[in-house]
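Before anything else, here's the structure in question.
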Amino acid sequence: MESPSIGVGTRVWAFAHILPGAVIGSECNLCDHTFIENDVRIGDRVTIKCGVQIWDGVWLEDDVFVGPNVTFSNDSHPRSRQRPAAFERTLVKRGASIGANATILPGTTIGERAMIGAGAVVTRDVPPLAIVTGNPARIVGYEGTGARDGGQASAAPDGAGAMATLVRGVTLHRLPEVIDLRGSLTFGEAENQVPFPIRRYFVVYNVPSKEVRGEHAHKTLHQFLVCLHGRCRVVADDGADREEFVLDHPTLGLYLPPMTWGIQYKYTEDAVLAVFASDWYDAKSYIRDYSEFLSLVAER
Amino acid sequence: MESPSIGVGTRVWAFAHILPGAVIGSECNLCDHTFIENDVRIGDRVTIKCGVQIWDGVWLEDDVFVGPNVTFSNDSHPRSRQRPAAFERTLVKRGASIGANATILPGTTIGERAMIGAGAVVTRDVPPLAIVTGNPARIVGYEGTGARDGGQASAAPDGAGAMATLVRGVTLHRLPEVIDLRGSLTFGEAENQVPFPIRRYFVVYNVPSKEVRGEHAHKTLHQFLVCLHGRCRVVADDGADREEFVLDHPTLGLYLPPMTWGIQYKYTEDAVLAVFASDWYDAKSYIRDYSEFLSLVAER
Amino acid sequence: MESPSIGVGTRVWAFAHILPGAVIGSECNLCDHTFIENDVRIGDRVTIKCGVQIWDGVWLEDDVFVGPNVTFSNDSHPRSRQRPAAFERTLVKRGASIGANATILPGTTIGERAMIGAGAVVTRDVPPLAIVTGNPARIVGYEGTGARDGGQASAAPDGAGAMATLVRGVTLHRLPEVIDLRGSLTFGEAENQVPFPIRRYFVVYNVPSKEVRGEHAHKTLHQFLVCLHGRCRVVADDGADREEFVLDHPTLGLYLPPMTWGIQYKYTEDAVLAVFASDWYDAKSYIRDYSEFLSLVAER
Amino acid sequence: MESPSIGVGTRVWAFAHILPGAVIGSECNLCDHTFIENDVRIGDRVTIKCGVQIWDGVWLEDDVFVGPNVTFSNDSHPRSRQRPAAFERTLVKRGASIGANATILPGTTIGERAMIGAGAVVTRDVPPLAIVTGNPARIVGYEGTGARDGGQASAAPDGAGAMATLVRGVTLHRLPEVIDLRGSLTFGEAENQVPFPIRRYFVVYNVPSKEVRGEHAHKTLHQFLVCLHGRCRVVADDGADREEFVLDHPTLGLYLPPMTWGIQYKYTEDAVLAVFASDWYDAKSYIRDYSEFLSLVAER
Amino acid sequence: MESPSIGVGTRVWAFAHILPGAVIGSECNLCDHTFIENDVRIGDRVTIKCGVQIWDGVWLEDDVFVGPNVTFSNDSHPRSRQRPAAFERTLVKRGASIGANATILPGTTIGERAMIGAGAVVTRDVPPLAIVTGNPARIVGYEGTGARDGGQASAAPDGAGAMATLVRGVTLHRLPEVIDLRGSLTFGEAENQVPFPIRRYFVVYNVPSKEVRGEHAHKTLHQFLVCLHGRCRVVADDGADREEFVLDHPTLGLYLPPMTWGIQYKYTEDAVLAVFASDWYDAKSYIRDYSEFLSLVAER
Amino acid sequence: MESPSIGVGTRVWAFAHILPGAVIGSECNLCDHTFIENDVRIGDRVTIKCGVQIWDGVWLEDDVFVGPNVTFSNDSHPRSRQRPAAFERTLVKRGASIGANATILPGTTIGERAMIGAGAVVTRDVPPLAIVTGNPARIVGYEGTGARDGGQASAAPDGAGAMATLVRGVTLHRLPEVIDLRGSLTFGEAENQVPFPIRRYFVVYNVPSKEVRGEHAHKTLHQFLVCLHGRCRVVADDGADREEFVLDHPTLGLYLPPMTWGIQYKYTEDAVLAVFASDWYDAKSYIRDYSEFLSLVAER
């Protein structure tokens, strides 16, 4: 406990060792056999369980939980007695939790309220709210959503039509389908099945299964998503409520109004996602930072 | 040669037998060992090679060619001495040719200038201009088109942009593509890459590989075709010129202006064809008869 | 018309040629350009359309229909001027029909009331009632059955239980199924779901898709069929009525009582058909001749 | 070493920390840098290597081995400073071993004498005697069995017949097979190839590859297992000896007499396991607890 | 029978029609309802069964057999009353047989002693001795060979070593194989397992399954063939004896000495055939005409 | 710090525990919460980060880096209080690095300068210079090579010919290819495309994807590698420079002169690697120890 910068109400347990440069907030809990190096910033109300080291370059924001024997590192190509010019930074953002014995590679950012599974080996950035597990870690879900399987669950409209969801303004649509011996056909008309004028389409394909797309909101753009081949999942989030949808048939459309945070993931290898948009492309329409999104939602 | 209704200049060869009810046009050629029943109509300038029987219910329009030993029938479920209530009709339209030893099942229509390959067994209608072979017969091409492989041939635009084709007003488009580690994205904007306002989309999928779709023209509708998964072929025909295109990539678009006869076929099992249209659905927009199409084109 | 053995009421048309050894029944119809060799037996009420040759060794029973340009042969390895020691025999049984331009290889037997499709090339024996098409010809159905798709059609019981069929005594059973995270389980108890004591099971697998199995009835044996993997079709026939069933799920059982003629065909490559039987194996239990089966049924 | 409840002969090494509520048996070994919380029960002769924490809710029975840096946890959804209403319980049963650096998720039970591989991440219950490895951990074998590959190993009967195994009363059977051009057929007759009357069959299918089925014994029921498609493995255990069999062909049957503990696992995706049983279903026949099974075996 | 050029001993049957330009050899047999056009050459001892037409441009060499209703044609793109500038030539070489009702497309050559199956539709040249069936016709075997399955048949050497075959000088070799956990390895040393110095290798791959390669002999070159992936068949022929081999494993080698006619066919899609040769490439080494090969063999 | 055998300049941090039998070199760094048992040898300049135990039987050579919470073990089948007769040895060779929280199973050797990824579970020996990650750990690359994709990268010759590489004497060859409708053919002639006389070929196949082959050099042998099916990677190393090549087409050859260390890995399941060699097999030609190879290179 060599550091002078430890906040009020922070508890440090037995056999812990804190180097003098570390800055630690208030109401934290540092358990037995922990080790805290110098270039470290730890926010308020952080829990660090036994057997954890926080190396130079690792910063933890408020309300982070670090499970027992979680292991950070700060050199991605270590050789004995060869100190890198600068240590890579690892940032764990507000409210994230890291499960027991997980390994966090250097240079990664773990998003707000993300959940790292026990034993996971985190090799790349983790988005806000994502749940990751495995070695290497992959996203398996998002906090606070309940998956809805559009093709099978009774919750999706059986006949052509639309239904409300848990997320403000988001609607799930069953589009018309005409099947005969020559194959199947589905369609949507602008300002009819697709509830806005169509000024643009875009198509996403060849997505590696581990990848996440979307992760942004639009200020004024309306979108309508249809997965024309294969399958993907879409998380829609209005800042308060969140729901996960499986798009797995050309007749299943998902309408996202403006100011909806959207995430697409778990693409099958052969997935083709078509998106119809209410306007031409405008880079200024995008909100790409989740904190900014939350602020804008709060202002409304 | 019992029939009194045989046109001027028609030649009938040795060992042929024509029943009295048959009506045969002028300048025909009926070779050795042919047999013509009563309820038969044969147009002008028809060739019937050796060993062919034309049964009650089989009608041949002008300029038809029937190869040697071609076999028609007029009862799809024959039992000895059980005469059907009425014979099924077979119609071979103007200018069609039937290759040597082909078999034509009863009740079929063979379209104008279609070409039936030698030895083919025709079990269903054959569209105008189609070339069919095999047992059962399948469409392998269309008369007068040169296939153009959109994904490979140098004729398709390499960079984003459009190029003219052999068919009046039809253009082939290479759409923009953005590729990164998260997958690929292509897009089209209305009145920009897609050269008209988009009021409707439709998607065709689950097409059995032997099926043909399209086979019609529109009086005023503009269409833009993109094959988002798998591969299909499109024949475009302005009434005078004809060209065949392979659509095999989400970035390859085909624009069909009004008054273009379009045929889609050779879908792969996994093909998904998206079509953008300039107007809402209107059944009256369709021209479904090729002869009517040719007349309308001629009037313009 | 050199033969003295032609029955009463038989018509022979123009350009036909009958060698003296042929024996032809009454009420037949031999059309133009036919040729009948010597070692030929033709029953009563047989139709032979134009362009057909009946070679030495080909025998046609009563009520056979031979379509135009149908071609028989009697030497499976012909070389010019090398006459085989004996011609192979071809037998077309009572009531069978051969479609236009079909080819019949030497040495084949075509069963009673079988239907050979136009243009088919028949390379092996054809069972009674079978419908065959293609080159080489394959069985595509059976005369007088309506296929019933057990897994999808509403006609199959949805919940566990049994239902009657069109065939006397044959019942279609939906067996209980228990599904949980560890997989699925179905079962049948003797004298309960399986309506007899079980003294034997047998399993059929690795069936080439073109093959037909079964084609027999049992005098006293009860059988219960379940397709445990893949899919096959079963035709059940009580001598008067006939029905075709698709077995495509482990929970779909078909009960065949004694004196039911059964045929299994259209096995998928991976099909595994399990049969439970009410008694140990007894070769004397089998009725393998369809005519004998019909006689025994008639006696009851 | 704050706890008063530490058994005779237990050694506690340097830098270890034991909270006062913990109850620890005799002859244990707690190595350097270990931490033991309050709601903890540790049996006799337990080894806990360096760097391990035993949290509230984790109980270890007698003779358990916990390797170095093994990490337990007791909250499956941790957030900093949000204490769950009750900690989830983890139970490690008698004689189990946990390899170095393994991670054990909260709420799991690890069965008697199970072996957790080094580095494994255990996310679900582990059966008695099972060996698990990987992230997430999967069963890769069972302690004390030698796998016998029924289809290939010379140990399986080549011709039809039965052979003894290492396990009391269990026999491995090669069933008759009849192969011809129409496919293959195998069979078993009750009280003949199947050594008991057959009163019931059941079929297991659609088993996810990671699942284990069986894991029970029957007091009086005889069973005969045949894998009709795909492949699975069966472990048979008479309480003293244990052997593992691969069932991979319809002609390979495994007879399990009463009082045999049976486990089925490593199902291929397409596996179909048929089981014939000597009696109707009776829930009371099952012994589902391995300890109870061992007691009942001992009584005999 | 208008032609003056008909050889001695040739029989012409009823309702046949021969145009004056035809030239027909001696000892032929022209059956009922045949038709022979003008630009036709027919050799000696040719059999033409009923219902066959021989059109302008079709030439038949000595000893050809043409089955009943076999159909030739001489215009590959027929339209009524549009006579091609020149008819395409069809040549049926010495000793070939054409089965009943086969269709021969114009412009094809059918090689010496080839056998065309009944009902086949021949769309491309047929090599000497080949047996073809189907629509379109594919090679299914070669006259006078007995297939030997190298990987399974007991005839192939089990242990490393070579064995003689039915063909002069051709030997079948089992090469050494070393299998361990890291995979398998096989080898051949020049002048040891490979019985000549190696001066060249070549590799054949991506062969469409319908294609035939080889079909030539070498005057002085030694070759050693090994199929390193997939499977293909090789026919070896010394002019007197012929044998067919299946190469389906990297350890199975086939040695072809000089003056061996070799044919490779029935390549699987993934087949890779490696050939080691005793000399550098020399185009003059090839004998590509089977008749020339037979002459050269006879001279030896 | 009970050991008397600790070298000059070695630092030992807080809460560390060193048993008296350990021998530790100079200039080492042993961080907090480490534990060093007795039968341990640690070289000079070794770094051991926090939370690591070095058990009896684990030896670390000079310049090894051991990351935080790395876990060794010395008993592959641990049971509490059952001490093995002898502990298995683990050897980490000169210059190797072990990433954070990795697990090293007992009995493994980690080669010189190998790099073990964070969180990896090492279950088998790791070759010199190899980079491994995952659970279980697999080789993902080699230190100091840049992968060159032979089939796609512009660096490979487009037309037939050879090009130099970064490694002394190693050349990459594009071989001639002849493509026509009958398939593709490539070839190489001895002393021409293959730059030496060919006295032997060997073929490697059925390589499990996790396996590495090669890992040796030859004193005088020349080799030429072509991957005839599938794909594999080859690392060539002259002792100073190293380069990795992808062989993925039959026309891409890699020449390795004598005194080149070669490694082959990342075989696809269907890979077939053919190697042509300049001499017959001679076991004495092999250099199988990388250190010996480096010495021999240095002598030249």
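By letter and in written order, the chains are A, B, C, D, E and F; residue numbering begins at 1 in each of them.
In this section, contacts are C-beta pairs under 8 Å (C-beta built on N, C-alpha and C of every residue); 3 or more make two chains touch, one makes a residue touch a chain.
Just so you know, these numbers come straight off a predicted model, no measurement behind them.
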In contact with chain D as well as chain F, sorted by label, we have A
Supply the minimal count of touching-chain steps required to go from chain C to chain F. 2
Write down the chain pair in A-D, E-F or A-B that repeats the interface of D-F; the criterion is over half of the contact pairs matching by residue number. A-D
For the two copies chain B and chain A, is the contact made of the same residues on each side, with over half of the numbers shared, or of different residues? same
Copy-to-copy rotation for chain A and chain C - C-alpha atoms, rounded to a multiple of 5°: 180
Between chain C and chain E, centroid-to-centroid distance (C-alpha), Å: 37
Tell me, which residues of chain F touch at least two other chains? 15, 33, 51, 69, 101, 121, 135
Testing understanding: with touching defined as stated, what is the shape of the graph linking the protein chains, line, ring, star, complete or other? other
All chain pairs satisfying the touch rule are A-B, A-D, A-F, B-C, B-E, C-D, C-E, D-F, E-F
Interface with chain D, chain A side, in the complex: residues 13-15, 27, 29, 31-33, 45-47, 49-51, 63-65, 67-69, 95, 97, 99-101, 115, 118-119, 121, 133-135
Tell me, which parts of chain A touch chain F in their complex? 15, 17, 33, 35, 51, 53, 55, 69, 71-73, 77-81, 101, 103, 105, 121, 135-136
State the interface residues of chain A toward chain B in the complex, per the touch definition above. 179, 181-190, 192, 194, 198-208, 211-213, 226, 228-230, 250, 267, 270, 272, 274, 276, 280-281
